[in-house]
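Two complexes follow with subunit A in common, the first pairing it with subunit B and the second with subunit C.
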Partner chain A sequence: MAFLELTNIRKQFGQAVAVEDFNLKVDRGEFVSFLGPSGCGKTTTLRMIAGFEIPTVGRVAVDNVDITDKAPNQRNVGMVFQSYALFPNMTVAQNIGFGLRIRRESESAIKERVDEMLALIHLEQKGPSYPSQLSGGQQQRVALARALAIRPQVLLLDEPLSALDAKIRVSLRAEIRAIQRKLGITAIYVTHDQEEALSISDRIVVMSQGHMEQVGTPFEIYNFPQTAFVASFVGTLNTTTAEVVDSARGVLQIDGARLETAEKLDGRQKGDKVTIAIRPERFSFASEQKKANVVDCRIENITFLGSIVRIQVSIGSGKYYMDTFNNPFLELPKIGDKDQVTCSREAVLVLKS
Partner chain B sequence: MAPTPNGKVAAVKKKINLWAWFWILLGALYFLVPLYGTFDFSLREKRGVLSLLAYQNVLADPRFRDSFTYSALMALATIVVGLLLIVPTAYWVHLRLPQVRPLIEFITLMPFVVPAIVLVFGLIRIYSGPPLALTNSDPLTNFLLMCGYVILSMPYTYRSVDTGLRAIDVRTLTEAAQSLGAGWFTILFRIIFPNIRAALLSGAFLTFAIVIGEFTLASLLGRPAFGPYLVYMGNNRAYEPAALAIISLALTWAAIGLIQLLSHGRPGQEQVGGVH
Partner chain C sequence: MAQATQNQIRANSSQRSLVIRNLVAWAGVVPFLVFVILFLFWPASSLITGSFQNQSGAFTLQNIIDLFTPSIMNAYMLSIQISIVTAIGGGIFGFMLAYAVIQGGLPRWVRTALTTFSGVASNFAGVPLAFAFIATLGHTGFLTALFADKLGIDIYNLGFNLYNFWGLALTYMYFQFPLMVLIMAPALDGLREEWREASENLGASSYQYWRYVALPILWPSLLGSTILLFGNAFGAYATAYALTRTLNVVTVLIGDQISGNVLFNPNLGYALAFGMIVIMAVSIGLYTWLQRRTARWLQ
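Showing the complex of A and B:
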């Protein structure tokens, strides 16, 4: 039985639909990210779990208890905001202890829990400081500790790292994940950053314009995107329109070049147009032994990205990216060279729309 | 050394500084010269010598002490009631009804449009007979006067509170507190009030200053307030009103200082917004 359950959720603001057809089951201790561009309804969905918005239709249940209409302060949900939202008039320790004080726990129990939380976020010395005396990263760790101190059933994080520098973002996201694992707490993490979602999550819900595009592990989302939206939003991807040549054998053609796919083309007719996608790293230069999916190309551009070299090639009139590992002992082709590239049949993804 | 562009900038800056000082001095003189005149006059009750006789007379007058105490207490009551009314209202408008903000602002400006004399006649007309005959007893008239003061001070209090609320992220702080289990009472008194303290204080100062010197309402409701006493003295004595003006100025500043001191009671709060 799922621990957190969102069933058939729909949320309207006046006539505008912010979220619809949202169904999700999250297991206890799972870390799920909502990923999507700004305005796609991530925050609204999160706020319905927190109780700040009431769904127009649908229900929210935690541990088999329907909490759809419960007030936010009657739920046991921890929330971390992008802007930290620490109480400026309270010290770090008072901030962390706030929820416990409201629950009328004893002073000694509060102190013990606050110390435990300060140790968890490695800010043992900062208890008496005020939020304004801390860096952004430290403030967000305090906000995390404050949300966790009340032992919430679910931890909600709304773009908690967006206001921080790139370096701190990366280290803090690892810290958040480590703490979440350690406590075994169920977490929902909202982000518009695909790299963040891929690196931190057990599962990702990719959203677009108020609905779910795809739900899956980072591995599934990255390697097997099911829609053009997911494919384009997560990672770099070459997409193009191809024509079905032989649906039974999975043969397609793009700009006169012949490509085979391992995916089923059931129900497609010869001459149908389909959208296909190929990750840049699945392309490689063709060696002699390969026979399928070898296509002629011309080198258009070469970009050095550190560990990766991104080569732009043209196949017919279309342009595609191809990533290869940077190998200092291998000679790179030159712009304008004619060459052949290849990819496996499995690398050619046929998208739903 | 050749004149550099930088040198020029520095020279211009110096000039601007001089002008700034000039205006500050002019402003200070504008306020201080009359004050000094009053002070000097207040010392001349005895012909030919400087003396504190006028001050002795004022301080010896029990009506002075009584009326000042009365008005100071009225001011405190006005501050407390006014803030308890206005802070939750302004907070709710910020949180849930931002679209009615212009309307609320307009309402709070009414005391500027409706003169105090009109207000007090309205109050007297409504509350001097049944069903709410408040003017028949002193405590109830005091209450009525305080309500009038709350209205008079509303434009200032509302504006200070509104500025204070704009400076903090009301909505996110509220939601953070809610998710931690806090109810409205806790949010107002443990989160909102402490975080707009500076704004509350400035609202309180203004209210205090208004109530201490207020004449129209107190006089027409027949209450022994400081304002009517000042006017009475002004009409009947020569030197004492000047001494009284100086004393009331000092007392008002002292009272304001006291409010500030009292509300600084919690340790550490001064640091908010300090070192980064």
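Showing the complex of A and C:
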């Protein structure tokens, strides 16, 4: 039985639909990210779990208890805001202890828990400081400790890192994940950053325009995007329209070149158009005499991206990216060269719609 | 060697540019200094010296001693009382109004309208204000008559009197609460919605949010604006003067001594004003002390 369950959720603001057909089951201790562009309904969904928004339709349940109509202060759900939202008039220790003070726990119990939380976020010395005396990263760690201090059933994080510098973002996300693992707490993490979602999550819910596009592990989302939206939103991807040549054997045609796919083309007729996607790293130069999926191309551009080199090639009139690992002994082609590229049948993904 | 000389030259010229930059920075402050000297220090110092001089210009403590006569002490008491009452009353009313408009989810135009009204009303004081109130709530005022005719209620029989302490306080309130609205609006804007949500999320009720978060955060502004309202009422002159001749606030006494025909003694007037400065200084001191004690997070 799932620990957190969102059933058939729909949320309207007036006539505008912010979220619809949202169904999700999250296991205890799981780390799930909501990933999607700004305005796709991530925050609204999160706020329905916290109780700041009431779903127009649908139910929210935690540990088999329906909390759909409970007030936010009657739920046991911790929230971390993008803007930290620390109380400026309280010290770090008072901020972390606030929820416990509201719950009328004893002074000694509060102190013990606050010290424990300060140790967890490695800010043992900062208890007496005020939020304004801390860096952004430290403030967000305090906000995390404050949310965790009340031992919430579910931890919600709404783009907690987007106000921070790139370097701190990366280290803090690892820290958040480590803390979540250590405590075994169920977490929902909202982000618009695909790299962040891929690196931190057990599962990702990719959202677009208020609905779920795909739910899956980072591995599944990256390697097997099911829709054109997911394909384009997560990672760099070459997408193009192909024509079905032989649906039984998975033969397609793009710009005069033949490509074979390992995916089923059930129900597709010869001559049908389908959208296919190929990750740049799945392409390579066709050195040996391979038969299938070898296509002629022309080198258009070469870009160094540090650990990888991104080569743009044209196949017919279409342009595609191809990534290869950088190494000092790499023999790079020259712009304008004619060459041949290849990819495995499994690399050719056929997208829904 | 040549290198050293060049460095020396560079150091000199950079020193010179530093001096110039400092001069330029100071030049910007000059208008402010001139203003402060001309309109603050100079009048204040002449006022203070005047308090310690008799009419022929010799040093005396008589003016200060005269401040402790019962009628003058009563005037100070009255001024302080009316200032406290209208600062707190106008403060509470103005705060609630500002809160309703800013955080209460009212349409945007209500706020614009209230701010515009407050801008005007907070400056609507003196003789016109007094006459407006006399015309509305005086013995034969418009509202007084309306109550009598339509409802059969004689508000003066019920104990209302525009010309006593509470009548004057009511009149002062008319310029006090709009000032509060104007000062508190930005402070309330600064009250972030996430703080309420964070506190709710941690289990706090609305009361607990106000008690532990919102009021402590607003406290410095509340304290500051109350002291400003206090000063605003304390220094008001023409409203009291035009409304009633039986309630002698300090400013009315000063007016009598400086421009009156009967009681002309400008030096006593200076001493009265000096006393007001002392009272304002004490209240600002009190304010600063309270602020330091209660809002350590601001430092």
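Just so we're on the same page, the second predicted complex is superposed on the first by the 352 of 353 C-alpha atoms of A that agree within 3 Å, B and C clash if a C-alpha of one lies under 4 Å from a C-alpha of the other, contacts with A are read in each partner's own complex, and residues count from 1 in each chain.
Here is the rule we use: a contact is a pair of C-beta atoms (placed from the backbone, for glycine too) under 8 Å apart; a residue touches a chain by one contact, two chains touch by 3 or more.
Since the structure is predicted, the reported quantities are computational estimates derived from the model, not experimental observations.
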* Three-chain arrangement built on subunit A, subunit B and subunit C clash or fit -> clash
* For A:99, decide between first (touching subunit B), second (touching subunit C), both and neither. => both
* Looking at the overlay, what does A:89 touch: subunit B (first), subunit C (second), both, or neither? -> both
* Pick one for A:150: touches subunit B only (first), subunit C only (second), both, or neither. => both
* Examine A:79 and indicate which partner it touches, taking first as subunit B and second as subunit C; both and neither are also allowed. => both
* To do: Could you say whether A:50 touches subunit B, subunit C, both of them, or neither, answering first, second, both or neither?
  => both
* After lining up the shared chain so the two structures overlap, which partner does A:317 touch, if you call subunit B first and subunit C second: first, second, both or neither? -> neither
* To do: State which residues of subunit A lie in both footprints, the one left by subunit B and the one left by subunit C.
  => 50, 52, 71-73, 77-79, 81, 83, 85-89, 91, 98-99, 102-103, 130, 132, 146-147, 150
* To do: Enumerate the contact residues on subunit B facing subunit A in the complex.
  => 168-169, 172-173, 175-183, 186, 190-191, 194-195, 197, 268-269, 271-276
* Partner subunit B, residues of subunit A touching it in the complex -> 50-52, 71-73, 75, 77-79, 81, 83, 85-89, 91, 98-99, 102-103, 130, 132-133, 143, 146-147, 150
* subunit C-touching residues of subunit A, taken from the complex the two chains share -> 50, 52, 71-73, 77-79, 81, 83, 85-91, 98-99, 101-103, 130, 132, 146-147, 150
* For the complex, which residues does subunit C have touching subunit A? -> 192, 194-195, 197-205, 208, 212-213, 216-217, 295-297
